[in-house]
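The two complexes that follow have chain A in common; it is paired with chain B in the first and with chain C in the second.
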Partner chain A sequence: MAFTEYDFLVFFLILLAAYWLIKRRAWQNALLLLASYIFYAWVHPWYALLLGFSTLFDYFLALAIAARRDRTKSLLTISLLLNVGVLAFFKYFDFFAADISRLLIRLHLAPDGTLLQILLPLGLSFFTLKKIAYVVDVSRGTLEPERDLTAFGLFVAFFPQLLVGPIDRAQNLIPQIQSDRVWKPEYFKRAWPLLLMGFFKKIVIADTIRSAVDRVFVLGEPSPLLILAATLAFMFQLLADFSGYTDISRGLACLFGFDTPENFRAPFTAATPAQFWDRWHITLSTWLRDYLYFPLGGSRVSTARHYFNLLFTFFICGLWHGAGWNYVVWGLYFGALSVIYRALGMGRDWKPSRRITYWVARVVMFLLLLVAFLFFRIPSLDWLAGALTGGTFTGSAQSVVAALVTLSTGLVYAIPMLVKHEMDRRLPSTSILFDIYFALAALGILLYVNSGAADFIYAQF
Partner chain B sequence: MYNFQRFFLLFLGGVLASSALAVMGGRVPFPGTPGPDFTPGIETLHQNALAAQQPELVLLGDSIAEENLDMDMIAEQTGLSSYRMTFGGSASALWYLAVKNNIVTASHRPRYLVIVFRDSEMTAPGYRVQGKLFTALDELASPEDRVVIERSYLRTMNPLETFAETYFPLYGFRNFFRSAVDEHVYALPYIFLQCGKRCTDRAVLNVFNFKNNAAPDKVKGSLDPEENLLYSMEGLDFETQVDDSYLPDILRLCRENHIQLILVRAKSARFATPAEEPRGLKEYLKKFESYVEADGALYLDISAGPRVSLEDFIDAYHVQPQARARYTQMFIDALLSVLP
Partner chain C sequence: MRFFLKYLALLLLSLAGLTWYIPFHYDMEYPQPAGPRFTDEIRKIHARIIEENHVEVVLVGDSTLDRSVDETLFSEVIGQRAHMIRIPASSTALWYLVLKNILIGETTNPPDTMILMFRDTILTLPDYHVSGGRETEIDEYATANEDFVVQTAYLNFMNPLEIAAEQYLPLYGARRRITDSIESYSRALLPGLFLSCGVECSARTFGDVFINIENINPDFSQGVLMGEEENLYTSRALNFDAQIGRSFLPELIRLARESGINLIFVHARTLTFPNLESQPDGLAEYKSKLFAYLAQNNVAVLDYSFDPRLPPEYFADPLHMNAQGQAVFSRILGEDIRNLIPR
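== the complex of A and B ==
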């Protein structure tokens, strides 16, 4: 059940009405928990079972850690092994799924390919990181374990965040789950622009660009120019798709009285890799910083070790995205960029005094991001090697035309995002220009919506 | 904080003004009729060809039947004069219209009608009916073919869409609007290369031709999302799908016109091995076979044929030119096993 489906609309409206009719917090939480599991089980009940068991496991383990501080280390290790193990197994299952299937068939343990159809739970990457952060924080003593199983279960399974994040922290969400909630008009006032922009970015921008991008990446040997045009379009598609999902997720959470974190802040205007990761998939980058990069020593170690920490963190970031060498290269590429920029003294807070220098840095960073997202989108490294060595840079005259068409689609549909970005920077939120923008966006949704909307890109991770 | 009331009034004003313009300009009626309308007239090209060539066997299908099968080989080895009616990207809705408005209405009717299909396509009336496929359907349909609008469009629409198509003229106007917006793609080729609309369309068609696609194992997970419709729990529930599909009508039309219908499940690279097929599909196909055979049709399955391997495919459906003969042979062998 995707946020853009009619089934979801019906499900959500019934749930929202029931939720606010119930005045007691405990019942509201129970209802949200039940709804979250229904939402998750919609695709396959097996998903909900996995979510339920893994939630119970971490719930009791966190309680055990708090009760037996002398055994914190071993209990934490068990939790990490299990969470990371399950995540790694499912993430890399695709690599050896066919072999496993053949083996099971040979051993008469599975008569057909059913195994391949069910063993890929959506959202696992996201809720696993949530749980790991929770158990680590409890083991560090910075967070009290949650004794209310419903509240903890809801923290893990909260449906607006379940499939594609944001990767919320227990410190943010659990206190809100534990506080009384009565309907306030502010919830709607905060939610409607998020929902409107989320659907606009997904339905009008991302899905339209998608059709122009996807057809390039299934070609056998597209020209490098065509690949670059498609990658540029893909950057805007991915931003619209993922930030659109986050907006919808935050808007839905708002309507239930929850304030959840943002994930994007104009990432393509960054001037350095550190600035980019401060603005792109923020909840993942802060998670990696707090639970991987800092424990490794962060920057408070020798320079060599610091650079290793950066490379390793981004390597894991790449692996988290999927089982493919292109993701590994993507992660290492960001790691290498971070190291080089740090060595040049261009970190998170870098801002040159001259405006022109800053603009040049932004353009250079954007071009470097283009290369990064090329690795992110390609089907495989072999495919890229074949395309790069297959012919000339521009390819045939018809290929140049195809590149211009692809580029045009990406740029034209990115314009509304750029306009909104500039409006956010320059205008007060009370400006009538925002109302006109939102009205046009709503009209756009009406004109572009169809029942066959594609899945959100990040749902595959 | 943004002002909701002001936004909503502007939105409402925009909807009303643009709707009024669309209705008064005669672009859309109000209230609208949900779903598209077929224009009068039926393309009789194939019907005329059937009359002229008098084939004993007609092959009906999509680009799999067009690209993977060699008609000369089929005619030669079966000893039956053969005619191909294939439409790229088509599915059961178009095949139904081809049978109803071209084949059974022709002055010469073939002895055998062979439909080449994939997996659950025969009971998915809403599959592949949008965009340019609507134009193809329209050519073979007349306004009297309301059953196609009903099954292929209205039943796949949710109540909100139906309401919007009826009472929001702007929603009914959306295809026109989107086409107008998408005209922008012609600007850059014209500015940089003096390549106009026709030149751009030709270039796009040639570059993004499926024959230029990478082999499926090179671009895993790149299948059209619409494909999922065929493998969803609902799509594989034969009993609930069959009555709303065109299958009973195709069976009936063939029976009433004394045409032996042969349904051939094609081989594709959708699943690397039969073991990877969903269990639901296997159950679906068992029921499908019983159903069509009970009605006198013949069912053949060449999906697991060993003559063609995964490496022979250009993309998920089409084989390399050098594998065409082997694919056709596999098809002929299956056909000869049931022909008298």
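== the complex of A and C ==
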């Protein structure tokens, strides 16, 4: 069930009414847990079985770790092996299956048809990271294991976050699950702008830009200029799509009385890779920092080891995103950028005294991001190589017009996001301009909504 | 909360203004009937060919028909004048309109036989291939009064909110026209500024570069083709008992019978499932129910699903035959049809 579907609207309204009619916290949690499993099982019921078994496994394992501190290491290893193993099996089977299949064809051996039919359960990448963080924190002694199975189950399966995050931490969500919740108008006050902006970004901005971008990446040999134009448009599409999802997720959670973390803070205004990752998919980057980069030693090691840690962390980040060599290159590219910027002394807190230097750094970073997102979006590295070597940079006169057509759509539809960003920065929240903006956004949704809305991009990861 | 109320007041005010302005601007009724509105004009070329050539057999189908049957060769084999109405990506809504409005409605002497080529569950999926560009195609065969088609192919698949919005919110009802116009202007903004290429020039380039099938990566176009085909094998599509009552099939049979047209269904051979074993769960059961239904209604059906005379070498892609396959199949089909048509 996607947030943009009519089925979801009906499901959500019934659930919300029932949830607030029930006064007891235990029943509210049980209802939310049941609803989360129904939400998840809507397409493939066996997904819910996988979610249920893996939740039970980590629930008992965390309790065992707390009870047997002498066996923490082995129990943690079991949990990591299982969680990463399941994720790797579903996520990367296709990755290798395609290569194995090609090899078999070259050897004139027919590949088994079932090889390519392993479906990735939606949201697996997201809830697996949630569970790993929980078990690691319990093993470190920084978190008490949750004894209430319903509360733990809800932490893992909480439906607003289940498919595409944010990757919430137990320290944030479980205490809220364990607190009494009574309806407050405050929840609605915080939720409605998030929901409105989320649907606006998804339905009006992301889906419209998508139709322009997708047309380029299905061409046989588009010119490099056309690819760059489409990539630029894609950057805004992805931001609108993913931040839109996060806004909806946070808005929905808010209506149930939960405060969940944000994922984006104007990422394309970053001046360094470290600043970018402080603002882009924040819950993933902080997860990678806390559960991979720091355990590897972070920056408190030799320079060479520090650089390796950066490269390795981003390599894993690329692999997490998908089964394709382009994601590996994407991750390593970010790793290499981070190493170079660190070597130049341009880290997270870097801010030059001269304004012009800062602006130049932002433009350079934006151009570097353009290359990164090119790797992220291309169908394959072979396709990119073919397009780059196929002809001149601009291609034919028609291709130049096509590049401008694509860029035009991307930029025109990105303008409302840029306007909102500037309004948030410069205007008081009580300004009438916000009312006008939201009213126009609602009209835009009405104009662009249709029952065949595309899936959120990050749902595929 | 005052912030929300201010916003809501603004929204309602704008909606009220647009509800007054849009019907006036686009010359729309209010409330507008839900579902697509078709114009009264019908494409008459097929009716003219049928009339002028005294066509006796008409074949109707999508691109699988187009690529698997050679009209001239087929006519020679059956010894009667045949005409093919092949509309790529068409489906039952359009085939029903071809029978009702072209073969019956527009000809003084309807053909004796209509051969309808289909595959798998397409005959009982009334909402398959009816939206987007296909809606425009359907309009070419529809009159302004197609309540049955609108209900069967569209309204039955719209939720109550959508139906109410289409009727009472002109902004929603006219959304396609409005967004098309916004999109064409936004596409032309930069080409217009830098290359003096305005709305028309940008639209032309858009069509030449992005809609031209020759520019599309073949792997991708095949992927899209097969992705579309997946809609034929969902659990809903495979549920014959639930689908038959809401499909165009009973009406197709009734109309043909009442007009004295001999209706013959032909199940195309494709490589989506090249043999019996590769079929998804439920397809074999679906087909047996479909064939039983057709037999019960005295409608002939020829099934080439797994015909060994049509090996994979005869196919250009999983759905379409190559020239060699077309030549062979035209002859096979012609010989089988010859035995089923009045002489």
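As a working rule, the second predicted complex is superposed on the first by the 437 of 461 C-alpha atoms of A that agree within 3 Å, B and C clash if a C-alpha of one lies under 4 Å from a C-alpha of the other, contacts with A are read in each partner's own complex, and residues count from 1 in each chain.
As a working rule, contacts are C-beta pairs under 8 Å (C-beta built on N, C-alpha and C of every residue); 3 or more make two chains touch, one makes a residue touch a chain.
Keep in mind it's a predicted model, so treat the numbers as computed, not measured.
Superposition of the two complexes onto chain A shows a clash between chain B and chain C.
In the superposed model, A:F438 lies in contact with both chain B and chain C. Of the two partner chains, neither chain B nor chain C is touched by A:G345.
When the shared chain is aligned, chain B and chain C each come close enough to touch A:Y6. Shared-chain residue A:V405: touches chain B and chain C both. Comparing chain B with chain C, more residues of chain A are touched by B.
With both structures placed on the common chain, the touch criterion links A:L447 to chain B and to chain C. With both structures placed on the common chain, the touch criterion links A:D382 to chain B but leaves chain C unconnected. With the contact threshold set out at the top, residues 6, 9, 113, 188-189, 192, 215, 218-220, 379, 383, 398-402, 404-405, 407-409, 412, 429-430, 432, 434-436, 438-440, 442-443, 446-448, 451-452 of chain A are in contact with chain B in one structure and with chain C in the other. By the touch rule above, chain A contacts chain B in their complex via residues 6, 9, 98, 101-102, 105, 112-114, 116-117, 188-190, 192-193, 214-215, 217-222, 226, 379-380, 382-383, 397-402, 404-405, 407-409, 412, 429-430, 432, 434-436, 438-440, 442-443, 446-448, 451-452, 454-455, 460.
Touching chain C in their complex are the following residues of chain A: 6, 9, 113, 185, 188-189, 192, 208, 212, 215-216, 218-220, 379, 383, 398-402, 404-405, 407-409, 411-413, 429-430, 432, 434-436, 438-440, 442-443, 446-452.
Residues 1, 3-4, 6-7, 10-11, 14-15, 18, 131, 158-159, 161-162, 165, 169, 171-172, 175, 178-179, 183, 186-191, 194-195, 197, 201-202, 205-206, 208-210, 215-218, 220-221, 224, 278 of chain C are the ones touching chain A in the complex.
Residues 1-4, 6-7, 10-11, 13-15, 18, 130, 156-161, 164, 168, 170-171, 173-174, 177-178, 181-182, 184-185, 187-189, 192-193, 195, 199-200, 202-204, 206-208, 212-215, 218-222, 225-226, 271-279, 282, 315 of chain B are the ones touching chain A in the complex.
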